Amino acid sequence: MPSRYVITLCDGPSCMHKKSKEIEMVIKSELEKNGLLEKTRVMLSGCLGMCKKGPVMIVNPGYTIYGGITEKDIPEIIQKHLLKKQPVARLVIDEDHLYNRFFRIFGDVDFFRKQMRITLRNCGIMDPESIEDYLALRGYEALGKVLTEMTPQQVIAEVKKSGLRGRGGAGFPTGLKWEITAKAEGKEKFVICNADEGDPGAFMDRSAIEGDPHTVIEGMIIGGYAVGSSRGIVYIRAEYPLAVKRLEKAIVDARQEGFLGKNILGSNFSFDIEIRLGAGAFVCGEETALIHSIEGSRGMPRPRPPFPSVSGLFGNPTLINNVETWANIPVIILDGADWFSSIGTEKSKGTKVFALAGKIKNTGLVEVPMGTTLREIIYEIGGGIPNNKKIKAIQTGGPSGGCLSEEYLDTKIDYESLAQAGSIMGSGGMIIIDEDSCMVNIAKFFLEFTQNESCGKCTPCREGTKRMLEILTRITEGKGEEGDIEKLQRLGNMIKKSSLCGLGQSAPNPVLSTIKNFRVEYEEHIKNRKCPAKVCQSLFNYSIIDKCVGCGACKKICPTQAISGQAKAKHAIDQSKCIKCGLCFKTCKFNAIIKS
Amino acid sequence: MITIYINDKPYKVEEGQTIMQAADKVGFRIPRLCYHPKLSIEGACRVCIVEVEGAKNYVASCAFPVSEGMKIKTNSEELRRARRDIVELILDNHPQDCHTCERDGICELQRLAFSMGIRKRHFEGERKHYEKDLSSTSVVRDPNKCILCGRCVRICSEIQKANVLGHAHRGFKTVVMPAYNMPFSESVCTTCGQCINVCPTAAFVEKNYTQELFQKLNDKSIVKIAQIAPSVRAAIGEAFGLEAGKAMEHEIVAALKRLGFDYVFDTQFSADLTIMEEGSEFLERLQGKGKLPMITSCSSAWMKCLEQFHPDLIENVSTAKSPMSMMSAMIKTYFAQKIKRDPKDILSVAIMCCTAKKYEASRPELMVEGLPATDMVITTREIAWMIKSSGIDLLDIKGENFDEPLGLSSGAGTIFGTTGGVMEAAIRTAYELYTGETLLDIEIADIRGFKGVKEGKVIMDGKEIRVAVAHGLGNANEVLEIARKDPSRYHFIEIMGCPGGCIGGGGQPYAGYNSIPLDEECLKKRAEALYGLDRNKTIRRSHENPDIQRIYKEFLGRPLSPAAHKLLHTHYKAKEPRGIIPVVNAVL
Amino acid sequence: MLTPLETIKKKRAEAISRIIGKGYLSTKRVYVGMATCEIAAGSKGVMEVFSQAIKKGLADVYLSQKGCAGRCNLEPTVEVIEEGKIPVKYCKVTPQMAVDIIERHLKKGEIIKEWIIK
Amino acid sequence: MPVELKKVSKKDALKKFMDSCKSLPNPESQLIAILHKAQEINGYLNKELMDDIALEMNIPTAHIWGVATFYHYFKLVPQGKHSISVCLGTACYVKGAEEVLNTIRSELKVNFGQTTEDGLFTLQEARCLGACGLAPVIMIDDRIYGELTPKKVIEILNTYRK
């Protein structure tokens, strides 16, 4: 027979110290006294993360948390709560920070322990297609609180006080944006969630929506309430079919429960959300381009002012925040601006999600408090560089960001420090680059991306990035010229300062920052025609050394028949035929093929 | 008023304008390229960037509003270099064929490059290579010369509302083109040529017939006859460095004679003829024979627009041919008989302010005696070049008169060249035909000027006749929407395809060094030149033109006679592809 | 009439009892990662193994999908959670491993240490 | 004729979708959704479809063409039976996506946007498929293949050739 109640008692070190064992004994005897032992399960759990309020126990169903309990309180709880279904109010605590639950499952792993999960708090612990799971995790409670206890002005004040800044890249204070939109006049107002995540290597938005779509929806409803909007739009990449599907389902479920639609939860506030699909254009992450795309046009940015908060979608005041920003809102409302602003640094509050990738042991999504150092992320969470290689650079901010050298490892993550170091927070890509990578080539890769994604509207970005790419290409091909670095800097600085939108203004960053931090590599390419990392194909040759045993594997795989040699004798590569595909290098089991 | 600082000096300026507007008024002309005062702000070229204290990046002065205490630098060393580099980047992706280019010497990009001080190139690289589109009768599109300022796209969608052109593809591969990159000739292009007017380079130019014409002018076996549209005389001086507004009537006649034309006639004569036909048609419709409101049919771009965008209104449009086609028809019949020459041996050349007339000339339904009525249409720009190229000094030439019998015109024919002119001319004659009395107050102020849609009325015999005038196809769309909703609101509507009427035609001289294309001040001066010619004439009503009376007596009989119907009237039909005028302008 | 906040709390209580009604409390809970990245790594096959097993009578197991926890290089991941015990997180799970997890862990309570995320 | 029938029903499906768009506020803003639908129905966008959309939704063809050519997602030529998207996201790039790409290119003798002669594959580039942990990856139709090597790629391609 299934239990009617489950009592979970925290068995963490702190609560143990506060006598949870003794409490457990009392609970069991009290249950027995009241004839409830059969119907109730009593369990010990790992740390519930509420140590300050310990000892802590949770009564389910209902998820009532009791804190600071002693043996003496138990009879009262059993009698009132379990028998009469009336929780003992004086012992109930709200200390259960939403972000703690994740750690009840994952807190014992190094990778997670250093993290703090606010926006991704539910990702990985709930069924994203179940609104019940979300409700059980205090979902939509923030919405209820806002509609019951707060005026729109109070909501905005709370968000302002939290110090939350836009997580899409530029870090504009979120509360201020809300305030401007709320004050702007228009026929109607719009609330938009920017889910057009396009940075190569960044996928936190996808992950957030796939893992916990309701958080974003709840954040948007609250935003709509605060600024006086009744129409919300999620602009999401068409490349994310699963995220779209889950979001669609979440919207339908939320509508059914009365969280979306007319007169939400009996209030006189109405709000609904529609989904708009992108169609593959990185520049649509820029807010004015995104608006044009929603309007059914080419996603090309326009000059600001007017800012979208004043004149955005269809000329109406429009509040745009990205997925991560929205996901913070319910937590700020429930746990309070004071709590939220206690996390992070002076100017950057809360947490930031990074997509950790590249040459690092633990790749993945990490959410850390602002102020965490790069070193902590890379070595303590990421587990360091694999294969005992040396770290060479950290690329943050995706194609709009920059490459920092090793000496910046102790930089604290916040908007200002990263900018000072010559990179940006961006949407949160973090690529670790080891000694096997050529920085000129990396810069070229990013520039290729932005050049390809340039909308073509403004001259500096359209023409300038093309020229920069041409110069970089010739450097990597060993055709660099004296003065090329200066040309790159001249063009780069001009493009940064003159371009129409953020894409162009940040496009030169990877190049400029690698010149700043790795100038020697550029000079090696240009002056000595050498690629120190042996990546740029034109700048090295493959050759076979004496280790060759003549197995013939390389000869077999070579697509251009450039390798010749008798069986069991040393082979040789005909450089005129070699296309430097590297297949032989990968195939050789005897390390007999080298780059020189 | 607020105070702003430009290059450290304080200036009092009005609030609510952009940095560029404010700077213009206090004597700083910030360099610019994609900006056009009549079009929406694009902010794309970044040539007009300035430094604003406190802003992280440069701002585009065309889009950024001034505010109290703003400190602006327009000429700092770093800014000058950035601006220079931007213009160089444009040049780097532009054919370097200035000395063989049609716009050499009058190209905005060339001037800009010069004023930036680009003497050495730093960033040359890959350049675009696209096919030229030569398919249209009127407009040649050369994407290689396009610098993507987007003015053509904006004028086509915002002013003309034809939406023929758009940006396609993206980034470095962006090209301005019609839908599907289809040839112009197959698109909904109305051939108005406004894209040419606003293009800063030679990405759009008219289909040029000057070489063919030079060749024909040397052919002794044919009779070479020219006709000149009213607005050509009002603008051609600008191509020779004169201020706008100087009428050059007799000088062009003389120049054309020197070029080798045997006869030079005046399209104003056939404008009078048009009034006779169209006026009579209007009176018939007023008496219940035909649909009202009647809409004018003189403008070729408008006629193509009608067939593609408003086929439902075809029956409302006057069947009278345009003055050019009436003149050509008369040349190949009436005049051919007079000089006893086979019309096959006559070369009929129309000197027009217009690129769409090139298209009109190719319409098969306008053929006369199995021949094209108009053999060649030459724009003001082309003829100006031919005159220069032949070493004829237009500015210092003894004027000559138009030839008889198709050279004499009334003032009504003159004002055809400006918006409202056809209507005014029509009223002058229709009033008399209807009431039997002479209209004394013949200058109708309500329908003059450059308001997009103008309304006016006349009382004829106690009957109120309500008229409307629209210029530019966007305004035409607007007036037609009004008429569709309330069919009895107007009796007569004049529509001209180009902003300002023919004086703003797609074939008029390019803007000068310090002026902008389609500048309203310039259009006003051109219009004033025509109104001045009208005022100085003793005959100001078409029906009073003695040569008009003669041609009816000798050849046509009376207005709307079978002969007139055969030679002076035509018909229109719905055309594919059908074009769309969006209800909401989502194209911005 | 209930305030919005009261309504939410009521809905939450209802949701929890519905979840419990599905067997949430008295059983082992199995969470299979089903985000795009996990699916790409093959989690659909893993999910299939678990759901088939339940169909064929595997009792006392509450199966749910979940979003991605962020361990890209270890996907697909599967968690087996029992109230009161330390949650067990398996990584790089293949369908074959899923069969083993059912046989050894879910049925016999053996935690397969070598597959656990550390 | 069955072919004709099929054509008509395609048109009907699109028409139906456009009708539903027309009942929404700012119907012209649904253009991208309509193009998605048209591509889903027809496999790619052609002039005929775009003309239909223009007339039905009252949007100029030049505008539709501009939008269709702006976004990577829209295809303007018929596509192969299978579409191969090679992820060129950063993680994949760092882990050797270029090698994978070169292998596919030389194996299929096509470049980005092109379809193989036998009509079996169309090669496309992808920005980031969000499967960075498996880098380098490719996606064939809806299926993602990860941790690829040139050898593995060829094996995978061969499974589609049978």
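A, B, C and D are the chain letters, set down in written order, and residue numbers restart from 1 in every chain.
Everything that follows uses one rule, which is that contacts are C-beta pairs under 8 Å (C-beta built on N, C-alpha and C of every residue); 3 or more make two chains touch, one makes a residue touch a chain.
Just so you know, these numbers come straight off a predicted model, no measurement behind them.
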item: Central subunit by CA centre of mass proxy; value: D
item: More contacts between chains, C-D or A-B; value: A-B
item: Approximate Å spacing (C-alpha centroids) for the pair chain A, chain B; value: 56
item: Chain C-chain D separation of Cα centroids, rounded to whole Å; value: 35
item: Chain B-chain D separation of Cα centroids, rounded to whole Å; value: 43
item: Averaged-CA centre spacing for the pair chain C and chain A, given as whole angstrom; value: 24
item: Multi-partner residues of chain C (at least 2 other chains); value: 36-37, 39, 71-74
item: Overlap residues in chain B, where contacts from two or more other chains coincide; value: 167, 169-170, 586-587
item: Junction residues of chain A, two or more chains touched; value: 203, 206-207, 240, 281, 295-298, 300, 357, 363-364, 455
item: Touching pairs among all chains present in the structure; value: A-B, A-C, A-D, B-D, C-D
item: Of chain A, residues touching chain B in the complex; value: 281, 295-298, 300, 302-303, 305, 451-460, 462-464, 466-467, 470, 487, 490-491, 494, 496-500, 505
item: Complex contacts: residues of chain D adjacent to chain A; value: 26, 28-33, 35-36, 59, 63, 66-67, 70-74, 88-91, 93-94, 99, 102, 106, 126-130, 132-133, 135, 142, 149-150
item: Of chain A, residues touching chain D in the complex; value: 198-203, 206-207, 238-241, 276-282, 293-300, 314, 355, 357-359, 363-364, 395, 398, 429, 431, 433, 437, 445-446, 449, 455, 559, 581-583, 586
item: Chain D to chain B touching residues, read off their complex; value: 26, 28-29, 47, 50-51, 54-55, 58-66, 69-70
item: Sites on chain B touched by chain A in the complex; value: 41-47, 49, 56-58, 60, 62-65, 81-82, 85-86, 89-90, 92-93, 122-123, 125-126, 148, 150, 167, 169-174, 586-587
